[in-house]
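One chain, chain A, links the two complexes that follow: it is found with chain B in the first and with chain C in the second.
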Partner chain A sequence: MMKVILEVKERHKPNLPIEAECITPKNFLDPEREFHVWKGNKELDITDIFHVRKDGTAKSAEQVEITIRGDSSHIKRVGEYMDGGKILIEGDIGMHCGNFMSAGLIEINGNADSWLGREMHGGKILCHGDAMDYAGSGYRGEKQGMRGGLIEIMGDAGDFAGETMAGGEIIIHGNAGDMPGVDIKDGRLTIMGDCSRPCGNMSGGECRIFGTAYDMLPTFRNEGLTAIDSVQITRFSGDYMSRGLGTIYVANCKYMD
Partner chain B sequence: MQEIKDMICPFCGCLCDDITLEIEAGKIVSTDNCCTIGNAKFLGKNRLKNPIKKIDGTWTDITYEEAVDTAVEMLLDADRPLLFGWSGTHGEAQCVGVHMNEILGGVIDNTTSVCHGPSILAIQEVGHPGCTLGQVKNRADLIIYWGCNPIEAHPRHMSRYTTYADGYFLDNAFRNRKVIVVDVRETETAKVADEFIRIKPGGDYAVLSSLRAILRGKSDMIPDSVAGVSKTQLMQVADMCKTCSFGALFFGVGLTMAKGKYKNVRNAIEFVDDLNRHTKFTLTPMRGHWNVYGANEVMAWMTGYPYAVDFCRGVAFYNPGETTAIDILARKECDACMIVASDPAAHFPRACVEQLRDIPLVVIDPFETMTTTIADLQIPVAVTGIDAEGTAYRMDGIPIKVKKAMDSDYPSDTEILTRIYNKMLEVKGL
Partner chain C sequence: MKTLLIKNAFVIDPIQHISGETMDIAVRNGKIVDDVKNPDEVIDAQGMLTLPGGIDSHTHICGTKVNFGRYMSPEDMRAGRTSRKGDMHATAGYSVPTTYGNSYRYSRMGYTTLLEGAMAPMEARHTHEEFRYTPMQDCLANTLFDGNWFALQAIQDGDTKRLAGILAWYLSAAKGFGVKLTNPGGTEAWGFGKDVSCINDPIPNFDITPLEIIVKMIEANEMLNLPHSVHLHCNNLGKPGNYMCTLDTYDAIPDINDKRQSLYSTHVQFHSYGGSSWNDFCSKAEDIARSVNDKPHIVIDTGQVMFGKTTTMTADGPMEFNLYRLYHNKWSNHDIEMETGSGIIPVVYRKKNLVNAIMWAIGLELALLVDDPWRCILATDNPNGAPFVKYPEVMALLMSKEYRDKEFETLHKSTGRRVALPAIERELTWDEIAVMTRSAQARALGLIDYGKGYLSEGAEADIAIYPIDVDSTDPARDYERIINGFSTTEYTIKRGEVVCRRGTCTLEGNHSTYWVKPHVSPAYDMSKDAAFIDGFNRYYSIRRANYPVGEEYLGRNVCMETEASI
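Right, the complex of A and B next:
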């Protein structure tokens, strides 16, 4: 096993974002590798931003565990293209954490900024706090968001969670914001709390809302009551402004009439 | 007294090209054909006489040379400079801005991000079924204004291109051209419409979805009322749209900035797409600033992206919501800023204005504005359309040469930006 501890140093301009897509378990396998991060337009060595400690050895990414400590709320793109191993973030994490990841585990003890697990293919992201907008979504103009894997958010999610989702699973234990699952094509989105306007332009996949869906869109057809895990829930098909091939299960819903 | 005809009004996205100016003793004294807001721009006062710099909290007059040096120093010192504005200047100056941003490794964004940015995001998802305003004027027999109020924001839009304009292919255009207005309140424009749809705030997406479902023959599932609009009216409007021979949907920030933002616009585009299975229908964003469309054109052809372009790492990265000026400022993610031809202090949220106040701020603008009060340096320039000339793009994407009416001692935006850019090259040894 190899344990890597990255502790964020005190910074003179703490709000300037740091782009650190080099932080993936696999990259630490190569002892010769240089790690560069970007602070705005300056390319820096990783040690300019983090105290780095490395213990043990590893033969594969699965044997590498990275811990990020300190104020990492402005560190972006951690775990981008990650394909195995584990990243533990003790505090909050910046935007685009786990972009395109295909395997492994990212665990965030604090909150995650927007675009958590953008276009992810596999693996798991567990966020103990809240996630901001666009968790598991696609990039701008992209047809497909998340395609596989699991994002579990113990707190609330912001707007557009699972936008253009095309596979995999998102579970939000708290509330979701506006338009979760908009343009969803496939995969499963579960919201334990409330949300508004779920799944506009849905063309496939499944969404389950155990709280209240506010401003429910009128273009979903009520298909009657059913039960999930002995919870009474209404099944809707839609979105009939397009072909209507998706399914939403909603415990309660309110329309804007 | 000298009279100059066929001048371009540099105020709103209509870019009216039939303005007459009366000039006396090197000053514009009156305008003809112009609307009141355009007129106010031509007769504008408060022009700053020379560059000013804040030294120990007080404004000091400096020369252009000193101003250029100061601007270069402030911007080159930064780790993440932001270059914002651009929609109030001509395309040639915008080009220099993009080059400068590349040298600096900064973020360049234009005012699109606070008006029609969502429209562009939607267009990037599903395309743009657009046409020129000339087509609308001569062919359209149905006009929809959705979330916009041209009578107040684009005062000559209706007289030049829609309601009050003659149409080459239309008989008695004034009578036969129908106008639908969709808004959350009864605006001046709504009062002259044939059909006014009053929508509850945040209800645009649901109403567009319902219209689309009706077009697809799914009207049975639409409830009696959607976001304040009766089903009867929705059916009637869907029918008006389907049976017209050429429809044109114009939309404004009422749609782009309402809840759901770009997904509203995407829904509107797809509604227009659906209508094109029945008739001819087009869609045009009502662009606000006279050359904001040009800013999108210039940035798109030079960098691949129309606004919010981050060059920090030497290559263009675009992600509205992350690389847009409002977001960068609110999150304090920049450490110097240059504003060109825009007045963010008057429009931006408070947190953003505070960040602008706290970092080195260069303003390039002919007039003293709200932003002047929080700046560290302001360089006055000539006004495009009055004493400077250049290219601008009308809201329908038509490039128009904006002429100047007179000469002055002020440098144009292009001239001053080129001087700053050349100095940057010199300092960086490039």
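Right, the complex of A and C next:
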């Protein structure tokens, strides 16, 4: 078992983002590997930004546990292409955490910035705080977002959660912002709280909203009442702007005035 | 007064009938000279294939259309990223890269001159601004006239001289190079929700047909004595059975220039389709090639399709709408006031898609069935058929039957019943490839008079030195070496300076923009023509006085002045 502790150093300008896609469990298996991070167009050594402590040895990524401490709210791309092991973030984390990840666990005790788990294929991301926009979505112009795995957000999510989602599951325990699940193709998006304009141009998959969906889109057809876990819920099919193969379950919905 | 000596180069220069001679090339001040004493720089090109710099006579690399392709496909920027290195800027993009991306990648392949295939004159400024940031190549821009209302009016009135005057004014105002017709009449009809199916359909609002537009434009083009002929994208692109339309068009083309072709027909692969629907879609490349072989006044480029992701972009708005209905992906549609329109959609060509596989085969068939390589130019209509970085693969396919057969086996299994490709034994020679990638372009574009496309005294020192030893390479078998060799030059030389060395571009080449300025008699000078000025100010959103592109937009440029016969 290997434990890696990365503690963010006091920085002169803490708002400048650091691109740290090298922080994945697999990379720490190689003791010779050099770790570089980017600040703007400057390439820095990881020790310029973090105090690094490594204890123990590991034979596979699964045996590596990375803990990130300190003000990591502007550290970007942590866990990109992660394929096993665990990353624990004690505070907040910057954008693009868990990009393309295929296995393993990322646990965030604070809040996550935008693009959490974008285009991920597998594994699990657990965020105890809020997530900003585009959780589990595809990047600009990409046709397929998240394709597998699970993102669980205990707080609220920003706008466009699960945009172009094509598999896997997103569970948002708080509210979601505007347009969750826009262009969703497959997978399941669950919102325990409220949201607005869900699932525009939906062409497949499923979305469940246990709060209120404001500004419900008129291109979905009301298919009547049903129940999920003994909760009375209305089923909609749509989006009929597309082929109408998706399903939304909504506890309450309000159309635009 | 910089001097350079290239020693022991293995030269193929078809314009001068040099077919593989080992010789020295001396360069002074950006021009090839007879000899230099004490050269500043010596390059030993022992055992390396040395050709004139490559010329792409139909590509889409700069301008509003390309730029719209960039911003509607942000995902394209995720491919082909390179960071800043030495003199090189950062680049990004695959099918629609940044201008530097285009320039570096072309330079790496030994290309030194590029013709932007379609520039709407009203949006010429944008094209010229991007030319300035395409630093390794000389650029030229074909100017769109397919739906120009003043031109269509002159054709309807039967006044070819006035038409020539209008072309002359627009070409010099937009700093353009040649006359481009994209689906003549069809793009105009698309402004009213219609299209034309072939050359004899009437056009809305005018009492003329596409055929009249094509023929009158050719006549007017020759009145202006332009270096290039009319550059035609035929009607009915990309539809099953459109080869009849292409043949009818070719039959109607007059032969009125004895120095070069009267018509340059572009991306003919997209116009060589048989069948009546996508279900019985098949290749008619043999019919098209036979027609081209019979007509020495027509030059074509192949418009080869290669498999993978790309972006299609053309001024042919209705055709892009049809593609959109096939793919249901994103689509852009654009109308340019009095002039033309355009459309863009991203596509993926797949080996297992029968239609795509047939398209791939048609491009190769054309290149192999047209007997005269001087009249069949290698191009992919970048990025419509494939991004230009695929050129080395196309060359290898044309040079090796074995490679073609190997690729063919990976295609949709029904392809063989719809195409003639497997039966074609021809393998192109080094000389023929040299013709199809530079010499034929130089002749078709009329650039030989401007020192391009050959390597003798007085020519521009645009030279590509490839790490290919012709004597020890059998192209039919060593196709991997052909692909690698043509992908990255040992040296690319632009105006006497090494601009690219083994893929690393070293400096901002001193490139220029070439544009034409036909001199017409005062009677046909549109800047003094009351009816033209009045119509212009009434129907354009830009005042006529503000319309011409100022020379300050061009940077270094070469004005090609011609004396018109009107």
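By definition in this document, the second predicted complex is superposed on the first by the 256 of 257 C-alpha atoms of A that agree within 3 Å, B and C clash if a C-alpha of one lies under 4 Å from a C-alpha of the other, contacts with A are read in each partner's own complex, and residues count from 1 in each chain.
The rule is simple: a contact is a pair of C-beta atoms (placed from the backbone, for glycine too) under 8 Å apart; a residue touches a chain by one contact, two chains touch by 3 or more.
Only a predicted model underlies this, so the values are computations on that prediction, with no experimental measurement involved.
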Item to complete: Between chain B and chain C, point out the one touching more chain A residues.
Response: B
Worksheet item: Looking at the overlay, does A:201 come into contact with chain B only (first), chain C only (second), both, or neither?
Response: first
Item to complete: Applying the touch criterion given at the start, work out whether A:41 contacts chain B, chain C, both or neither, answering first, second, both or neither.
Response: both
Item to complete: Please work out whether A:255 is in contact with chain B alone, chain C alone, both, or neither, and reply first, second, both or neither.
Response: first
Worksheet item: Shared contact residues on chain A for chain B and chain C?
Response: 41, 139-141
Discussion item. Using the touch definition from the top, list the residues of chain A that touch chain C in their complex.
Written reply: 41, 139-143
Worksheet, complete the sentence: In their shared complex, chain A is touched by residues of chain C numbered 72-76, 78, 84, 329
Worksheet item: Which bits of chain B are touching chain A when the two form their complex?
Response: 78-80, 104-106, 121, 124-125, 200, 202-203, 205-206, 208-210, 212-213, 216, 218, 221-228, 259-260, 263, 266-267, 270, 311-313, 318-322, 331-335
Discussion item. Using the touch definition from the top, list the residues of chain A that touch chain B in their complex.
Written reply: 13, 15-17, 19, 38-43, 74, 95, 114-115, 133-134, 139-141, 178-179, 182-183, 197, 200-201, 215, 217-219, 221, 239-242, 255-257
